[in-house]
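In what follows, chain A forms one complex with chain B and a second complex with chain C.
Presenting the complex of A and B:
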């Protein structure tokens, strides 16, 4: 494997790890998140083209931001619920 | 690398000033055996244990902990194939993404961080054991 491909491979593994760490707090549970994430990554395993892989990594980054936004929303809702009850 | 240079500098310091105790190390036993005139500097340093000394994991312990971790991993297809020599993808039926998860679990178990390149080389149980044993700060 060339060094460029290896570099891309490490990038993919890094984003996969970051997403896994993020998924621990997922509302539907970590196991749900993990199996879905695994499927999503495995379905793209046949990509050979460099640009396609880069696009995939960008998509993963986007998903990461969405999950972060989801957590902010979750926290906001919990706080609002607690303050409105009193 | 770092450890040998540390030992070398510590030994040099002891040789230069045998009377002074270095502030990072404390004598384990200061008994009649160690009267300051008679000891050689190297022997003196051996009677001292640094706080930074590594925990001393045995190979069996590391192996047992990694095997336990794999036993609890739900994607291992055939637990009976689990042994100290088993290969993650050939014997246990894990793909590369599962291997990443196993490496993450190992990182957590031993509270270390494994860099990407080294993590890529861990394909089997004995490779993982070897890597953990080579890390002085694994717990």
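Presenting the complex of A and C:
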């Protein structure tokens, strides 16, 4: 395996771990999140083309941002309901 | 303008998503085995401090402070993962909680030791909902205060704070040193990501005990009883308009 491919491999593992960490707070439960995350990554495991892999990593980063936004909004809405809707 | 030395006090509270339960003796809320996290209003204050730095203001240092059980350290790590430079943890025995005045007294000494000139606090914690610590600290230090901030801007030595009040906003202007407490719409706190949590483990965290402070933090209040709110009563269906009018009259609404 070339060093470039190895580097991409690390990037994929890193984003996978970050997403797993995020999943601990997922509203539907960690198990739900983890199995789906695993499936999503496993389905792309056959990718060989570097550009394709990079695109996959970008998509994972996008999903990460979406989940963070989801957590923020969920909390904001609950707090607003508790403290501002009297 | 002079450099900003920001102090951000944070509190470890029961997570907002957890429904609190009252213990059998009806003396307190059950905390054992319950998920805890940083008070959401304190996340807003850390975020605001970090954003001041990102706006290229001369922020010298952001210090996170927490007085709580040993596990409050995790909260300080989260604060440092979000961007605080270092943490100060005052260990309080599990089950013994400080009152707002006690915390304010500790904070006063920390402010003097650290030479802070800006303290950003959450307006209240979601467990006690006291909404007092910032105000009391301002009183003890004799500093100006801007509570429930929804926007903070700096111009030279002037700080302009928009604060949320009933039915609108109020704009205040003050000079440093200053106390700010945060309201819900001040900013959108970032998520403390895994790599940043890892990096935060290398940031310095000072451990202190109450013996390091010359403050009387003994409780002044006694909790007599804690009870659940009364359960919501179900509504009733009425057959027709007359039935509804009858019901409304019965309730004294007409």
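Following the convention adopted for this analysis, the second predicted complex is superposed on the first by the 83 of 86 C-alpha atoms of A that agree within 3 Å, B and C clash if a C-alpha of one lies under 4 Å from a C-alpha of the other, contacts with A are read in each partner's own complex, and residues count from 1 in each chain.
Operating definition for what follows: a residue touches a chain if its C-beta (ideal position, glycine included) is under 8 Å from a C-beta of that chain, and two chains touch if they have at least 3 such contacts.
The structure presented is a predicted model; accordingly, all values stated were derived computationally and were not measured.
Q: Could you classify chain B and chain C on chain A, in the superposed arrangement, as clash or fit?
A: fit
Q: So, does A:38 touch the first partner chain B, the second partner chain C, both, or neither?
A: Once the two structures are laid over each other on A, A:38 reaches chain B alone.
Q: In the overlaid three-chain picture, which partner chain does A:51 touch, first (chain B) or second (chain C), both, or neither?
A: Touch partners of A:51: none, neither chain B nor chain C.
Q: Contacts for A:17 in the overlay, against chain B (first) and chain C (second): which applies, first, second, both or neither?
A: After superposing on A, A:17 lies in contact with both chain B and chain C.
Q: For the overlay on chain A, what angle lies at chain A between chain B and chain C, C-alpha centres, nearest 10°?
A: For this superposition the angle at chain A equals 80 degrees.
Q: Using the superposition on chain A described above, determine whether A:72 touches chain B (first), chain C (second), both, or neither.
A: Only chain C; A:72 stays clear of chain B.
Q: So which one touches more of the residues on chain A, chain B or chain C?
A: C
Q: Please work out how little space separates the C-alpha atoms of chain B and chain C at their nearest point after superposition, in whole Å.
A: In this superposition, no C-alpha atom of chain B lies closer than 8 Å to one of chain C.
Q: With the touch criterion stated at the top, can you tell me which chain A residues are shared between the chain B interface and the chain C interface?
A: Residues common to the chain A contacts of chain C and of chain B are 14, 17, listed in rising order.
Q: Would you mind writing out the residues of chain A in touch with chain C in their complex?
A: Spelled out, the residues of chain A in touch with chain C are 14, 17-18, 21-22, 68, 71-72, 75-76, 78-80, 82-84.
Q: Please output the residues of chain A touching chain B within their complex, sorted ascending.
A: These residues of chain A touch chain B: 9-10, 13-14, 16-17, 20, 34, 38, 41-42.
Q: Flag every residue of chain C that touches chain A in the complex, lowest number first.
A: Residues of chain C touching chain A: 16-17, 40, 126, 184, 188-191, 193-195.
Q: Touching chain A in the complex: which residues of chain B?
A: 95, 97-98, 100-101, 104, 116-117, 119-120
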